[in-house]
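Starting off with a structure, shown below.
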Amino acid sequence: MIEGTNAQIPEESSGGGPTVVIPDFIGPLDLLLHLIHKNRFSIFDIPISVICDQYQEHLRAMQSLVLEMAGEFLWMASWLLHLKSRTLLPRPSADQEGEDTRQELVERLLEYRRVKEVASALYDADIVRRCLWEPDVGVKGIEIEPELDWEDVDLRRLAGAYLEVMERFASTHPPPLEVTPLKFKVEDKMRDLYERVQKEKMLPLLRFLDNRLNSEEVVALVVATLELVRLGGVCADQSMVFAEIYLRPGPKIFDPEVSFRQNCSEERNGH
Amino acid sequence: MDTDSLNAFVEAALLTSRGPVSIVGLTEAIGDAEVGEELVVEVLECLQELWRRQERGIRLETVAGGWRCVTPPNLDDALRAFHGLVAKQRLSQAGLEVLAIVGYRQPVTLPEINFVRGANSTGVVKTLLDRGLIRIAGRKKVVGKPFLYRTTKEFLVHFGLDTIEELPDPEKMVIDEVPEAN
Amino acid sequence: MDTDSLNAFVEAALLTSRGPVSIVGLTEAIGDAEVGEELVVEVLECLQELWRRQERGIRLETVAGGWRCVTPPNLDDALRAFHGLVAKQRLSQAGLEVLAIVGYRQPVTLPEINFVRGANSTGVVKTLLDRGLIRIAGRKKVVGKPFLYRTTKEFLVHFGLDTIEELPDPEKMVIDEVPEAN
């Protein structure tokens, strides 16, 4: 005998809903089978009208139905209503279409019942066989890695392996550095620094750099300082390692326009 | 290979293998013209008998076309306590239904599974694929080319079946098929 | 816990553990005030004696961390041969990765496979060639003229595909909820 519901089997999509019957019925066919069984009807001779009403009743109780699942239950409700309407309306001749639809319902119920039978046999097997452990004895010198049975390697495993490889590749090969236009030009910084040193006569470089938050600006300033020292526009001195670096006016006059032109030609000649 | 070595080898091969071991594989590895498959089967049956005793912590079963060592089910609680593992998750009713459909109608597509169950089975199919109980076996040559599903060897092992034909016959299980007068 | 169950549990715990098993761990898992460490040691020594016999394929040795199951060293060669044979019906993770790279990026050269995997794949490529899952399809016109690899018809048959174009988008296949045709 088949139980309309198998209370022992927990339903994964139940989600701990309220007191309604939802968790017990995992589909419209399941609910329908339950109703037929409860009323002790034969699948081959379902009083559509009664079943249809009871089905609707249950549906009303299942207010918490998830939208996706609701569709499945409503589809069955409309089917039953359709069948019921045909049984209520007396037809002069044999209603062939109605008979076919009714027959289809019977066949689907029978098929679903077979599925439930096999499922319950699998359930019994699952209970016992979940409790079995395989030995895990090693052999010295052989790494028995958990390999896949070739028969069970399918497209999904193939695709999964590919994604894994590509992910690993991406993580070990970071994308090339993004080249963004420079926000701070060395030339500008040279001009600013030179003018500032000329004006203030002494500039504590490290403290000056500390106030700059942008690392790009710091880099530009350091390069500008080195360049100015090289051209003699400023002098830099430091009393000891890690001590403050003081910039003072240098022996030469720094004319940005001239220097940059010179610089460029020097570079061209140098290479 | 003398009898003692043969026994020892078969036992060691079984205990160091994951999944069922085939008789052909064992015989081939022995590679001794004197040791045929019948003799290997004899050794296996001997071991099976030996391990059946109450005080043994291992059994020998035939499953998925081979022989496989497993612990007796009643030791599960103690072994879980020892290894510090929680119980394996049960299969849901929906999962069991999909397995039943794939099991005896394979190869089968998702729309076909949905139709038989009268309910959407997408998530369930995905879970079963992840658990390795079903696999994709190509595409059906119809509009949309949906994937075809089959049960795996792991399915046979998990449910203790030698071949898929051992799945219970639903026709024989249903006993009230004959309509009663009411 | 009665004597039979105790024996069975200790045997099962040893056989299902890869590393050494401690007496404390065993005694705790048994969790029976009547079963102390001395009794567990007794059971272990009994098993050790039982497994020492010539026709057994398993030994019990004491190591730093406790007691451990090992196969007798004289079976090493035979077991290596056996597991080597078994490996032929199976596919390692590395094999699966190379097969996936050739499948999705064909035609592809060995240096390219190595680059993507970040590991030398020479042996794996050879195994896949031997198994007829990939084939050589000419040489790439670059320095060294390396071989180009493609998948074979056998590959298509196994995965139930008609053409290589039917290979599904890997992202859709694994990440999507719906393992449906695209």
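By written order: A, B and C. Residues from 1 in each chain.
Heads up, the rule we're going with is that a residue touches a chain if its C-beta (ideal position, glycine included) is under 8 Å from a C-beta of that chain, and two chains touch if they have at least 3 such contacts.
Owing to the predicted nature of the structure, the values given are computational and were not obtained by experimental measurement.
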Request  = Taking CA centroids for every chain, report which one is farthest away from subunit A.
outcome  = B
Message = Counting only C-beta pairs in contact, which chains form the busiest pair?
response = A-B
Remark   = Between the Cα centroids of subunit A and subunit C the separation in whole angstrom comes to 29
Note = Here the gap between subunit A and subunit B, centre to centre from mean Cα coordinates and rounded to Å, is 32
Request  = For subunit B and subunit C, let me know how many angstrom lie between their CA-based centres, rounded off.
outcome  = 18
Task = Could you list which residues of subunit C touch at least two other chains?
result = 12, 15-17, 58, 69, 71, 79, 83, 159-161, 179
Message = Please output the residue numbers of subunit A that touch at least 2 other chains, ranges allowed.
response = 133-135, 137-139, 144, 149, 151, 154-156
Query = Along subunit A, where are the residues that touch subunit C in the complex?
reply = 133-142, 144-145, 147-151, 153-166, 168-169, 172
Query = Which of the residues in subunit B come into contact with subunit A in the complex?
reply = 12, 14-19, 58, 68-71, 73-76, 79, 87-88, 90-97, 99-101, 103-104, 116-120, 123-124, 127, 129, 132, 135-137, 147, 152-154, 158-160, 167-168, 170-171, 173-176, 179-180, 182
Key: subunit B to subunit C touching residues, read off their complex   = 3-5, 7-17, 21, 25-26, 28-31, 54-58, 69, 71-72, 74-75, 78-79, 81-83, 110, 122-123, 125-126, 129, 136-139, 144-148
Query = Any idea which subunit A residues touch subunit B in the complex?
reply = 1-2, 6, 9-13, 26-30, 40-45, 68-69, 72, 76, 108, 111-123, 125-135, 137-139, 144, 146, 149, 151-152, 154-156
